[in-house]
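Take a look at the structures listed below.
The same chain A turns up in both complexes below, where it pairs with chain B and then with chain C.
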Partner chain A sequence: MAELLQYLITGLAVGMVYALIGLCFVLIWKSSGVANLALGQLVLLSSWFTYSMLVQAKLPLWLGFMAVILFALALGWIIERVVLRPLIAQPILSLITVTLGLGYFIEGVVSFIWPWSVAALPRLFPKEPIHIGPTVVSQEHLWVAGISLLIFGLLSLFFRYHKMGIAMRATADDQLAVQACGIPVTTIFSRSWMFACVLAAVGGVLVSSIGGITFGLVETGLKAFSVVILGGLNSFGGALIAGPIIGLAENLGGGYLTPYLWGGIKDIIPFIIIIIVVIIRPYGLFGEERIERI
Partner chain B sequence: MGLPCGTRNFKYDTDMAILRTRTHWALFILLLAFVFTLPLYLPNRWIGVANLIGITLVAATGLNILIGYCGQLSIGHAGFIAVGAYTSAILTNALGGEWFMLALPASGIMAGLVGLIFGIPSVRVKGFYLAITTIAGQFIIIWVINHWGITGGFVGIKVPYATIGDLIFRTQASQFYLIMGIAALSTFFATNLARTRVGRAFVAVRDNDLAAEVMGVNLFSYKLLAFFIGCFFAGIAGSLLAHWIGFMNAEHFTLTESILYVGMIIIGGLGTTIGPIFGVIFIRLLDQGLLFLTPAIEGAIPALPSGFATGIAPMLFGLTIILFLILEPRGIAHRWVLFKAAYRLWPFSY
Partner chain C sequence: MLKLNNIEVTYLNVIRVLHGVSLEMDDISIVALLGANGAGKTTTLKAISGLLHVEEGEVTSGNIEWNGIKINEKHAEEIGKLGIIQALEGRRVFEHLNTAENLMVGAYYRTDGRAVKRDLDMVCGYFPRLKELKHNIAGYLSGGEQQMLVIGRAMMSTPKLMLLDEPSLGLAPLLVEEIYNIIERFNTEHKTSVMLVEQNVRIALSIARYGYVMESGRVVLDGSAEFLRNNEDVKEFYMGLSTVGTKKSYREVKHYKRRKRWL
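On to the complex of A and B.
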């Protein structure tokens, strides 16, 4: 029983982080229709940058985080301006593969600048575990889940009430109509990349403050795709619900299936979920079903 | 534009022929003679590089059929190569190297069947969904390989030399003929596949799958057929790779390798037969060039960070993929066509 609760809470918390990273995908997909496969690499890069700011440059926490956010904004702007702007209106195949190339490039940059391949961020959250009944829950996971929820709330408010957020939703809906209304579509694209990179940075800091910075973060980014696939590619709420589901499936499955199957099943479960979802319900739980016409 | 001035067709089979003029034939035979005498004047190390190029070419040709002709984006190609490599490794370990002639097609068929499993979603989804499905497929395949007992797990598995009759492919030079022979055959097959009913159906599916379906192309069978053929080639390449290296573990089949394969056919030119050849040679020679240049650059500029050696290769590869997509999405193959046209029209460029 204690074991079960443990898995449940860890799963929910990890799932929230997946959801946060998945959100960064949804943001870009919704506004510009680009499938960003470099998600994991963006997370990795911003985690290493945080490491540089906090550990190598020894900045105080608040200044360090300001620097990280600024860095993420700049990164998003540069990526959109240099890599994706020239490819507007190209076939989806090019848009997907260009992010693959981008991810490859970023991986190279990371091992170029930070060749250690493993590092730990300073502790951001208190470490003492909390006892809830018979279970021991690490406080870090709860903090992470809380922060992710907070960001979700802020984002949904932004998309509901802020002018920019409304413009982004409109762009996702119909680019031509938006242009006719006088909304600069390229600015929207650029902003959504900037926001997405900030999300990736926050997600990266949260994940790596618990698990350290490794190349495994790239895989974390890939696992976040199971969240978007399950939740639906263009649904924020879907990501919010699918994240914890994936986290739970991963932790419960890892906990209870490992004795019966080969080890390491935990890392594969999100990928198995992807395949099942794509076969059964490709547009996800809350995604919009695309009806194609010739 | 594709032919010299004054070439006329009087019969359907001259119209269909790939090699039309005597110059074509002469150049083609010269090229074949050049390629197949390479081991005579290349040092052993470079024969090895040529072997790697040949193996990669077989796999890239398969991927080109899948992505370039049929438009089904697969980013799990290294996983399918792994299936072929391990099938061949396990079969020849159990039966002996003389059974290579059986193991080679078996590994192709095995990879093709696994490809079918991960190709099934392609019937309902495309684009990004398919990309993610194949990435998931890659991870699942590698996980199975790492944990299933008969594959040797994380440790790896030793592979005997390929043997046909009395011939044991032990040296780089002898393997060169095996690999290049198969590479030439697969290029020949791919060239002709594109001109058949199946190839044209693939192109129709790529350009607009709904319209193709309305025209009477059975999407289910043609998409799955594309997956089977593409992964069959991957399996053949995997088998060759296993016998060439002589030792297999899952380290050879990472996701980055899969991305590199996609990069190769983009750089070469999607949907052309000559594209994969250019792309594979470009990437593999770039790799070799880096291998030579990196120590020299590091020696000349001591101020470089220590991550230079490991970081420069992915940076360059990623950059090449991005630049090609932005500046020349039709790849080197298109430049090649332009070059041929320019040289035919020279000195009057109109």
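On to the complex of A and C.
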């Protein structure tokens, strides 16, 4: 019983972070129709950058985070400007492939600059576990889940009410019509990449504050990808619900199945879910089906 | 004052679509561009609004002047800020946004919040139907409602010149008339010029003051609406009438088709 609650809490918290990183995908997909496959690498890169700021440069926490956010904004801007803008109006396959290439490029850069394979970030949240009855719940996980939820709320408000948010959704629908309204789509793309990189950075810091920085973060990106597929490629709410589902499936499955199967089962559960979802509901739980007037 | 001086438009550096089009438009006027499919009407609009650049088209010779500023090399967003907004052909609403959000996209680059809100009411005044549908998803609106939304969205940016591409496409005659009345009202009440591209010659010339007839990338005939309405060739080829406004007798039609050569 105590075990179960532990798995539940961990699963939910980890799932929320997956969802947050998944948002990074949804954001770009929604506004520009580009599938960003460099998700995990962006997470990895910003985690290492955080390490440099907090541990190597020994900046105070708040200053370090400011630096990380600025770095993420700049990164997003550069990626859009250098990698994606020249490919505007090219076939979608080229755009997807270029993000794949970008991912490997980042991975190379990371292992060049930070050649250690593992590092730990300083603890960001209180470490003492909370006791609820007989169960011990990690306070860190609760913090992580809370922060993710907060960011979710802010983003949904942004997309619902802010004119830039509305314009981003409009761009996802019809780029030419958006330009006909006098809106520069390149600005929209640029902003969405900047936001997405910040999300990846926040997600990365949250994950690695608990688990440390490893190349496993790239895999975290892939898991976030499975969250997005389950929730629907263009649905924020979908990611919010699918994240915890994946997190729970992973932790419960990992916890209870490992003794019967093999040790790595935990890590492949999200991908098994991807396969099942793609077969049954290719557009995910809450993804947009194309609107057809009847 | 809009002026096109002998412009040529080429797509992808090889396909020349316009071969020297010149036209002029006074402020607060309504001008119709008429012609068969593929005559270059939409391309002319896109050349003015700057959307040509998006489709790898280019004004390769001649120039476009708007109130004395050369605009043929500017991008759509700059031209939009100068007050020229195009409503695309084919009811291109943002399907997954609701009606109000669609209208707000039209006012994107405006910063005067209060005026935007006032104009939202103004648009709802012109199209009362849109007010009822404020929270409906645009993709599920009917064709007529979508067309109203597209025109309303263009109005939201308070343009000085509105370029409308086939506002009557696929709509019932009654609705077409309603929309045209609204366009005319908007023109007089808000001092907005309107350039219309239309297949429906009769309705276009009913509100336009001046018209240009285009044929394979050239302007072949122009004149006041009055003049065009009474022009024999326009009547026969675009309104389906022969002399003196009587219906054509198909008994006398030759088995080969008479074709007008304009040049």
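The working rule: the second predicted complex is superposed on the first by the 289 of 294 C-alpha atoms of A that agree within 3 Å, B and C clash if a C-alpha of one lies under 4 Å from a C-alpha of the other, contacts with A are read in each partner's own complex, and residues count from 1 in each chain.
Definition applied: a residue touches a chain if its C-beta (ideal position, glycine included) is under 8 Å from a C-beta of that chain, and two chains touch if they have at least 3 such contacts.
Because the structure is predicted, anything quoted here is derived from the model rather than measured.
Once the two complexes are laid over each other on the shared chain, residue contacts for A:173 go to chain C alone; chain B is not touched.
After overlaying the two complexes on the shared chain, residue contacts for A:274 are found with chain B alone; chain C is out of touch. In the superposed model, A:139 makes contact with neither chain B nor chain C. When the two structures are aligned on the shared chain, A:56 is found in touch with neither chain B nor chain C. Number of chain A residues touched is higher for B, counting chain B against chain C. Of the two partner chains placed around the shared chain by superposition, neither chain B nor chain C is touched by A:258.
Counting contacts as defined above, chain A residues 293 meet chain B in one complex and chain C in the other.
Listed in rising order, the residues of chain B touching chain A in the complex are 67, 71, 73, 75, 118, 120-121, 124-125, 127-129, 131-133, 135-137, 139-140, 143, 146-148, 208, 210-211, 214, 256, 259-260, 262-263, 266, 270, 305-308, 310-322, 325-326, 329.
The touching residues of chain A, counted against chain B in their complex, run 35, 37, 83, 86-87, 90, 92-94, 96-98, 100-115, 222, 225-226, 229, 233, 262-265, 267-268, 271-272, 274-275, 278-279, 282, 292-294. Chain A meets chain C in the complex at residues 89, 163, 166-167, 169-170, 172-174, 176-184, 288, 291, 293.
On chain C, the positions that touch chain A within their shared complex are 49, 51, 54, 56, 75-77, 79-81, 85-88, 92-97, 101-102, 104-109, 137, 139-140, 142, 153-154, 157.
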